[in-house]
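Letters A, B, C and D name the chains as they come in the text, with residue numbers starting at 1 for each one.
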Amino acid sequence: MSIAVIYGGNRSNGNVETLTKLATQGLMIEEIYLKDCVIQPIIDKRHAAEGFTDVSDDYNAIIDRILPHDILIFSTPIYWYSMTGAMKNFIDRWSQTLRDPNYPDFKALMSSKKAYVIAVGGDEPYIKGLPMIQQFQHIFDFVGITFEGYILGEGNKPGEILQDLKALSAADHLRKDLQ
Amino acid sequence: MSIAVIYGGNRSNGNVETLTKLATQGLMIEEIYLKDCVIQPIIDKRHAAEGFTDVSDDYNAIIDRILPHDILIFSTPIYWYSMTGAMKNFIDRWSQTLRDPNYPDFKALMSSKKAYVIAVGGDEPYIKGLPMIQQFQHIFDFVGITFEGYILGEGNKPGEILQDLKALSAADHLRKDLQ
Amino acid sequence: MSIAVIYGGNRSNGNVETLTKLATQGLMIEEIYLKDCVIQPIIDKRHAAEGFTDVSDDYNAIIDRILPHDILIFSTPIYWYSMTGAMKNFIDRWSQTLRDPNYPDFKALMSSKKAYVIAVGGDEPYIKGLPMIQQFQHIFDFVGITFEGYILGEGNKPGEILQDLKALSAADHLRKDLQ
Amino acid sequence: MSIAVIYGGNRSNGNVETLTKLATQGLMIEEIYLKDCVIQPIIDKRHAAEGFTDVSDDYNAIIDRILPHDILIFSTPIYWYSMTGAMKNFIDRWSQTLRDPNYPDFKALMSSKKAYVIAVGGDEPYIKGLPMIQQFQHIFDFVGITFEGYILGEGNKPGEILQDLKALSAADHLRKDLQ
């Protein structure tokens, strides 16, 4: 099984990155940091006669990097009770790829994948992060990805995630599942 | 009562814009179209010694436009079961404004406001849009905004919202409340 | 189309009953008041060798009354952010009927039905009632019922629902849909 | 810290009971099995001139047993994506106790407590059990209980919970927290 991690945060070595590294320690993973990429918000042309316009940013390159993998890990700090805007823009663009003649197998390829979500927040993530988990379920359902599991962790200041023993333990379990 | 509408969609005359116009017909409103603005994703420096860096994009100008109003209407198409990435990036940046010495009263001003959400989606928005509504509640709670109500509408192709009689009726009720 | 209403409340002429009557005014409906029935909590014998034991209460008679109808309306006051315990006990017993040789077609019959939920609560039902709506979606999905729509209304003291104009309007729309 | 566990299931040695025993192993706990108690559905007389009528069932005795404790653990199988009807009837009756002159301090006493939820279900409990968790949050908020945490486990047939290593590990963490 081959694994790609999509990091949605913009802080280097942030809490969710730390937690994700623990969950993937010792495994070969393809790591994508959205903070180092330019991803334009989608221009919705689903109903335009001319169809979508090609966008020259880093989005397609990211798609090319994730498509070969069996497992996708969405790793995001919880900003305002959801994934980061950067990660949301990335997912919004899937609507374009679903209609992109250059990616005729996008949905079929996505539907063969399994996904995990790892998210860390500072304001009661175990409760207030649940709508985001439900949204990921809907997102994954739409393209046919199997939602294998998620880890919610609590942390605000740098390094605080290391005090969330439950999250660390869950990361440990995930690492065993991924092996 | 003075009203600002924040449009999160990028399609002109999209379904949610249509529904929002019906809900605000005849009222003086300040209209902000995020699609015409550049809003950078937040660079999280909450924990950096130097603090946040000024960003030269359109974000602060939008904040300046919404702060004088009593009522905020967040009008967004439902992309992938949540607000658009553009709107999410806009809200993510509030974390910066909350610490911005140029906006010492940001939270106090926001906490005196009332908000509505109007959202239109194509895939069972009455059910699959609910996590987004819960997130808006958490967002508004955090800054003290009173969540006065929301309208979920169903529509995919341009103009389809006009067939969602329940949503049109709810827009009519909202218009009366706003007068 | 023939309609059965299942009332979960125990107060005569309660707010949700009032709202439901408005939504069904002038229609032939079969009305079931759970408050007038004895429904034992389920004794879970799904995994017992001997299977479920017949229970002599009013449950099967209710099932017999709802099965012939095309549309089920679940009408419940929101107690503690969910359906009443009486309605929950009624639904819990479906697990028994799903294995009851006297009802070999239970799931098939249920899966041909459409359902609506009408619920009234006193503590921010438009937000805090949403998890209950999500649960009804899961419940209906399990047996294959189509979840056609729901109305949430606000009311605490007797008669207060008549001040929730949005709910009244939604009831009016529902009545037209049911005709 | 003294602990009471309220079991909502009706099957002896069911999966959630097993998980709860692991989480409380070696601790002094007061155990309440709702299956062995008679709890009438609430008759809502909040708005009746005469007020609530005394009910002669086991409910008050359970309240008397839980009130002295600092920590309440709500342990329930997930029936139809929520707590059992028996547990719901128990909680519904709190509305009566909140107005019962024999329990003038009910809310004050409850608000000093911490609570945990342990729940096991067979149909994607990690996702489909989340609305129930949100409801418990609302329930606890209403009476001022602090929601300390929850464990969701997966299991259907007797004993299956022992294969959910994540849940077992979470139970182990909870046991350490409770010591």
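As a working rule, a residue touches a chain if its C-beta (ideal position, glycine included) is under 8 Å from a C-beta of that chain, and two chains touch if they have at least 3 such contacts.
If you want to know which protein each chain is, UniProt gives these names: A, B, C, D = Flavodoxin family protein.
Not measured: the values here are computed from a predicted model.
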Query raised in the report: If we look at subunit A (Flavodoxin family protein) and subunit D (Flavodoxin family protein), which chains touch each of them?
Result: none
Query raised in the report: If you take the mean of the Cα atoms for each chain, which one ends up farthest from subunit C (Flavodoxin family protein)?
Result: A
Query raised in the report: Which whole number of Å gives the spacing of the CA centres of subunit A (Flavodoxin family protein) and subunit C (Flavodoxin family protein)?
Result: 38
**Report entry** Cα-centroid distance, subunit A (Flavodoxin family protein) relative to subunit B (Flavodoxin family protein), in whole angstrom
**Finding:** 24
Report task. Provide the list of subunit A (Flavodoxin family protein) residues touching at least two other chains, using ranges where the numbers run on. Result -> 130, 134
Query raised in the report: Between which chains is there touch?
Result: A-B, A-D, B-C, C-D
Requested in this report: Under the touch definition given earlier, write down the residues of subunit A (Flavodoxin family protein) that touch subunit B (Flavodoxin family protein) in their complex.
Outcome: 9-11, 14, 35, 41-44, 47, 77, 79-86, 88-92, 94-95, 123, 128, 130-132, 134-135, 138-139, 142, 157-158
Report task. Provide the residue numbers of subunit D (Flavodoxin family protein) that touch subunit A (Flavodoxin family protein) in the complex, in ascending order. Result -> 126-127, 130, 133-134, 137, 147, 149-150, 165-166, 169-170, 173
